[in-house]
Amino acid sequence: MPDYNPIELMICVASRILEDGATVVVGTGAPCAAAMLAQKTSAENLCIMFEAGGVAPKLPAMPISVGDSRTFHKALHAGSMPEVMETCQRGMVDYCFLGGAQLDMYGNINSTLIGTDHRKPKVRFPGSGGANDLASLCWRIISMTTQDTKRFTEKLDFLTSPGYLSGGESRYEAGLPKGTGPYRIVTNMAIMGFDQESKRMKVLSINPGYSRKQVQENCGFELLWAEKLDDTTPPSTEELRILREEVDPDGYIIGR
Amino acid sequence: MSTKDLKSGQNELFVSPDGDEARAFFREKSRAPEPKLSSVGEAVRTLLDDGDYIAIGGFGANRIPTAIVHEIVRQGKKNLGFAGHTSTHDFQILVAGECFDRCDIAYIIGLEARGLSPAARRYMQSGRIRVTEWTNAALAWRLKAAAMGLSFIPARTMLGTDTFVYSAAKEILCPFTGQKYAALPALFPDFAAIHVHEADVYGNCRVQGVTISDQDLARASKKVVITTERIVPADSIRARPKETFIPFWCVDAVIEVPYGSYPGNMPYEYFSDEEHLRRWLEVEKNPEEYERFIKEQIFDTESFNDYLNLNGGIENMSRLRAKELMIDKV
Amino acid sequence: MPDYNPIELMICVASRILEDGATVVVGTGAPCAAAMLAQKTSAENLCIMFEAGGVAPKLPAMPISVGDSRTFHKALHAGSMPEVMETCQRGMVDYCFLGGAQLDMYGNINSTLIGTDHRKPKVRFPGSGGANDLASLCWRIISMTTQDTKRFTEKLDFLTSPGYLSGGESRYEAGLPKGTGPYRIVTNMAIMGFDQESKRMKVLSINPGYSRKQVQENCGFELLWAEKLDDTTPPSTEELRILREEVDPDGYIIGR
Amino acid sequence: MSTKDLKSGQNELFVSPDGDEARAFFREKSRAPEPKLSSVGEAVRTLLDDGDYIAIGGFGANRIPTAIVHEIVRQGKKNLGFAGHTSTHDFQILVAGECFDRCDIAYIIGLEARGLSPAARRYMQSGRIRVTEWTNAALAWRLKAAAMGLSFIPARTMLGTDTFVYSAAKEILCPFTGQKYAALPALFPDFAAIHVHEADVYGNCRVQGVTISDQDLARASKKVVITTERIVPADSIRARPKETFIPFWCVDAVIEVPYGSYPGNMPYEYFSDEEHLRRWLEVEKNPEEYERFIKEQIFDTESFNDYLNLNGGIENMSRLRAKELMIDKV
C-alpha cells in the first residue's frame, strides 16, 4: 500500500466524488487540486469554474486567487462574478467545495467569527465571500477538512453558509432551492453524508487506520452511522503519482 | 406563507438604495464626451470626500487601482464607508490608513491562498468599525440592481443564515410563485476606482480577462475614476465598439498608470508580486516595523512611479511580466 | 424665406430642442434625422443611442432598423438592449422620441390597436416595442407628428405608453420616476408643451402659415395656450442645406 | 401605499416563471463539453415539439436564424407560443406557417422603417391568437430574470398604462423604499434559436455588433439551437475566452449556415436584402400570390442553400456583403 499524508487522502477521495461531465465551482488550494485530479483520472470532461468568472481553463499552475490569470488561462470563457453566480442560481452547477472554522451536524458552516459580539468578535474571519452563495445555489456541497471537536461543533458561533440549517425541511422552508444541500464531508478520518430524513451528518466510510470510536471522539456532536459502513479506498499509486507529479508538482498544497 | 412572517436583517444599511435619489444625481452628471485626463492626486482630492462610501474594482490583488488606493491613504481620507467585496490587498492598504469606519462585508481580512492580514484583523476586531454582513453574490447583485436603476433585486442567497441576520436584507415573496427571496438593496457607491487595460481620454474602457463586478460597479457608482495601463486613441475604441466595457458617461477622471495594478496581477500584462505581498503579511505582525513600512511604501512615495522604483522598478516589472506570460521558465 | 415641407419643419424644430452634451434614444426615420441634424448644428456632442445597443455611432446612412449595422458603425459602444434600457432606468438618458396612432391631452400615446376587443382588434399596430420603456424611463419625451382630430384624440383606444396619465401627479403616483414626462410635441402646425400643474397639453408656439383657430380645429381635445404665444422660427437655409445634403441626401425621410 | 391596492395585469402568463421548476430541468441538462453538430432538420425535429413556447434571437431582420425559422414552418410545427420580442421578419415567417396560437407582444407585425406586414396583421386581427402585452425592456428583463435563475424582477416600466392592464405583470412595493414597481415574471422559453458569427462544435459562441437580448435568451431557454456563419476550432475559443458570448453548456445543437441571417443583416458580413423584404410586404397583399411565394421560398426549398440560390445565390450575397462593408459605392 502506498504511503500518503492526510491531505493527499482527502484530495483523492474528494476527486472521486466528481463525475464526468459535471460542473464544479472551486476555490484555491485543496478543492482546486481535487478537481484537477478528477479531470486527470475519472472525469476528463469535468467543467471547473471560479467565482470571479473563469470557466473551464487549462490550469497551468495552482491559482493563488480565484480571480488571477490562471483561472481563465486558455479558458472556454472569461466571464464575470454575477454570471457565474447566476449560472449557479439557475441550477446549472452541480458541485461546490466549502471550508470553514466550524461545522455542525447539519453541515452548516462558520467562516465569519468566533465570539458573541458581532461588532467586536474574539476572532474575525473573512466572512462568507462566495461561500454562502455557492452553499445556497449549487446542487451539492462538498467539504474537505481535518476533523476535531473544535471544528466539528454542536453550536456554531455564527452560521455563515447554509447546510441543512436545523434539519428536516428547514433548508427549503427558508427559501433555498429544492434538492440542494451538503453532500459529502471528507475528513482525515472518514467520509460523511447526511441522513435523508433528519438531515444529520452520517458516517458512510472510515479511512484506513481510524476506528469508529476515534471518528466519534473527534467530533463535537453525535454522529449517525450508515447501516453498512464502508472502508474508504485509500489513494492508489496512480492517483498519488498524478497528484504529486502533475497537479501539485511544487507541493504547495500537499506539502511534499 | 404570510408577508408578516417575513424577516429583516438587523444591521445597518450604509447607502440609500432609493432609485429616484440616484436618478436625481445621474440627471446632473455630465454625459458630454469631453476629455477627462487627470492625476491621481487631483482625482482623489476633487472626487472623494471624507465620509463618502467607496468601492474598489477588480478582485483584491487582481486588476486593482493601487495608485488610487494609496492616494486615499496619503491624503488622509477618513470615515469612509467601504464595500468589502472581493477585497484583499486593497482592503489591507485602506486599513493601513485607517480610512474607513463602516464596512459592508463579503470577504475581508484575507488574501486568499496567501493567508490573513494581521493588521486588517486587528482593525476589524477593534470594535471601532460598523459592519454589515453580505456575500460576494449579494454585493455583486446589489451593484447590479443599482446599475439597472432599481432600488432592490431578489436573490436566493443568504436565506436562513446568520449572514442574513447581520445583513440589511429583507425577505420578500415572489408575487407569482410565493417563493421566498432575500431582497437586496441597491448599492450606489459615492466613489469607485477601477483599473483597466485601455481607456481613451473620454473614459471609454476596455479590459482583458474576467470582469468580476466592474461592469456593474462602473454603472452603479456616482463618481468613477479610471486608472489605465495605456491611454488609447478614441479611434481605436470606435474600431471595436463591442469591446467597450465601460462607456465614457460613467467616468469622471482618466489617469494613465502603467503597472497600475502592482503588486496585484494584471491579466496578460504582469503577475502579482508574491514576495511583496508576503512582506506585507510579515511586517504587519510587528507594529513598529509595520509603521515604518507603510511610511516608506505609501507616505514617502510621491508618485506611483516612485513606489514602483522602490520595489524593483522596471526590472521587477519585467520579471512579473515574464511570469504572467509564462516565459520565465523558458 | 426658404421653402420647406412639413416634415422638414418638424425635424428642424425638434433638432433645436436637443442640447449639446445630452443623451437621446432615437428610432428610425424623422427622430434619427432630427438628432443627426442637431449634431451637425447646435449639439455636436449629442450622444445618440439605439435601443438594440448601439451608442454614439458615426452614422454612415439612415438606419432601416434600430438594430442594424449602421446603428453601431464606428460607435463608441455596441452594447445590448438591457444595457440601454437600464441606462435609461438609471436616469442617464435625457431625451427620447415617440410616435403613435393616437395621442391625448396628457401626452399619453397609443401604438397598440384601434377597437375595443383586445384579442380581436379592428386594427392592430406593432404594440409598445420600446416606446413604453423610453416614455417611462427617459427624462423628457418628444413627439413629432402630423396634427389632426383623429390623431389628437380625447380618449385613446389603448394607452400604450405613459404621458402624464390622467394629469396632475398621477404619473408619479403610478410609480414612474419623478421628474420625467412628455416635454414637447412638434406638429406641422405648432409646438406644444405641458402645463406644470394640470399636465395638460399647452401650445407654446405656432408654425408659420397656421392660425390659433386651425391648431385647435385640428385637435380632438381642448388645448391650453401659453400666455406669451411664440411664432415658431422656420427652418434656416443652413439647417435645410445640412438636412438635405448631409442628413438625408437620398430623401428617404424628407421625401425630396 | 398598502399592498392590497396593488394591481395585476389581467392577461395570460404563457410560461411558468417558477425558478425551482426551471432548476429541475437545468439539473438534468447536459453540461458535458461534447460535440453538438446537427442539421437544421434534425435540430427542429428533435428539440422542438408542437405546443412549445419559442423565442428567436437577434432583432427581427438583424442576425436572425432564418434557416431554423423556415424549418419550423416546413415541418408544420403548430400551437407554439411565441415571444414577440424585437420580432419582425422572423414573426412574418412564423405567421406564414400559422405556427403559433399565443403570443407575448412587445413588437409585432411591423418591419420597422419598412412598414407593416399585411399577413401578420390579418393573423393578429383574426381573434384566433391569445395575446399578452409587454414592452421590449419588459421581455428583455423577463429573459434576464430567467437567466439569473429568478422567478421575477422589478422594473419601472409599463406602470399606469393599458400595456400593464393587458399584461401578466403585477405591481409590488420595494421593501426598502416603498417605491412601486412592475414585477415581471421570468420567461424560460422551451426553445430558442440564435444565429452567431462563430461557434465551435461544443456550442461556445462569439458574435460581433450589438447583442440585443441574446446573452440572456441563450441562458434563459431550456433548449438552444445555434446557427453560425462559421464553425471555428475550439482552440480559437480558448485563445480569446473573453469573447465567448454564449458558453457551450447553454447549447443543444450547432449548425453551420453561411449567410444564415439572410434576408436579414449580419453585422460586418452582409447587409439586409431590402428588395427581398419589400417583396414579402408586396405579395402579402394578394393571398394567392402570397401562397405561391411561401411555397416557392420555404416549402419547396429543401435546404437553406436552395433558398439562397433562389434569391440570387453567391452573386447576391456578394452584393450584400459589399453594401455592408460600404465598398459598393467605391
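Labels for the chains are A, B, C and D, by order of writing; each one numbers its residues from 1.
Just so we're on the same page, contacts are C-beta pairs under 8 Å (C-beta built on N, C-alpha and C of every residue); 3 or more make two chains touch, one makes a residue touch a chain.
Because the structure is a prediction, the values reported are computed rather than measured.
Trainee: Distance-wise, how many Å sit between the C-alpha centres of subunit C and subunit D, to the nearest whole number?
Mentor: 28
Trainee: If you average the Cα atoms of subunit B and of subunit C to get two centres, how far apart are those centres in Å?
Mentor: Distance between chain centres, rounded to whole Å: 40 Å.
Trainee: When the C-alpha atoms of subunit A and subunit C are each averaged to a single point, how far apart are the two points in Å?
Mentor: Roughly 57 Å separates the two chain centres.
Trainee: Among the residues of subunit C, which ones contact at least 2 other chains?
Mentor: 54, 72, 78-79, 82, 89, 137, 177
Trainee: If a residue has to touch 2 or more other chains to count, which residues of subunit D qualify?
Mentor: Touching at least two other chains: 19-20, 149-150, 155-156, 179, 181, 209, 242.
Trainee: Does the chain-touch network form a line, ring, star, complete graph or other?
Mentor: Looks like something else, not a line, ring, star or complete graph.
Trainee: Which pairs of chains touch one another in this structure?
Mentor: A-B, A-D, B-C, B-D, C-D
Trainee: Under the touch definition given earlier, write down the residues of subunit C that touch subunit D in their complex.
Mentor: Listed in rising order, the residues are 27-29, 50-54, 60, 62-69, 71-72, 78-82, 85, 89, 108, 112, 117-133, 136-137, 156, 158-162, 165, 170-171, 174-177.
Trainee: Help me check something: in the complex, which residues belonging to subunit A touch subunit D?
Mentor: These residues of subunit A touch subunit D: 20-23, 45, 47, 55-58, 72, 74-79, 82, 86-92, 94, 137, 139, 177-179.
Trainee: What residues of subunit B sit close enough to touch subunit D in their complex?
Mentor: Residues 3, 13, 17-20, 149-156, 170, 172, 174-177, 179, 181, 183, 185, 208-209, 242.
Trainee: Report the residues of subunit B in contact with subunit A in the complex, numbered from low to high.
Mentor: 11, 58-62, 84, 86, 88, 105-110, 112-114, 116, 121, 124-127, 129-131, 133-138, 140-141, 144, 155-163, 166, 171, 179-182, 209-213, 215-216, 265, 267-268, 271-272, 274, 324, 326
Trainee: In their shared complex, at which residues does subunit B touch subunit C?
Mentor: For subunit B paired with subunit C, touching residues are 19-20, 22-27, 29-34, 146-150, 202, 204, 219, 234, 237-239, 241-242, 244, 247-249.
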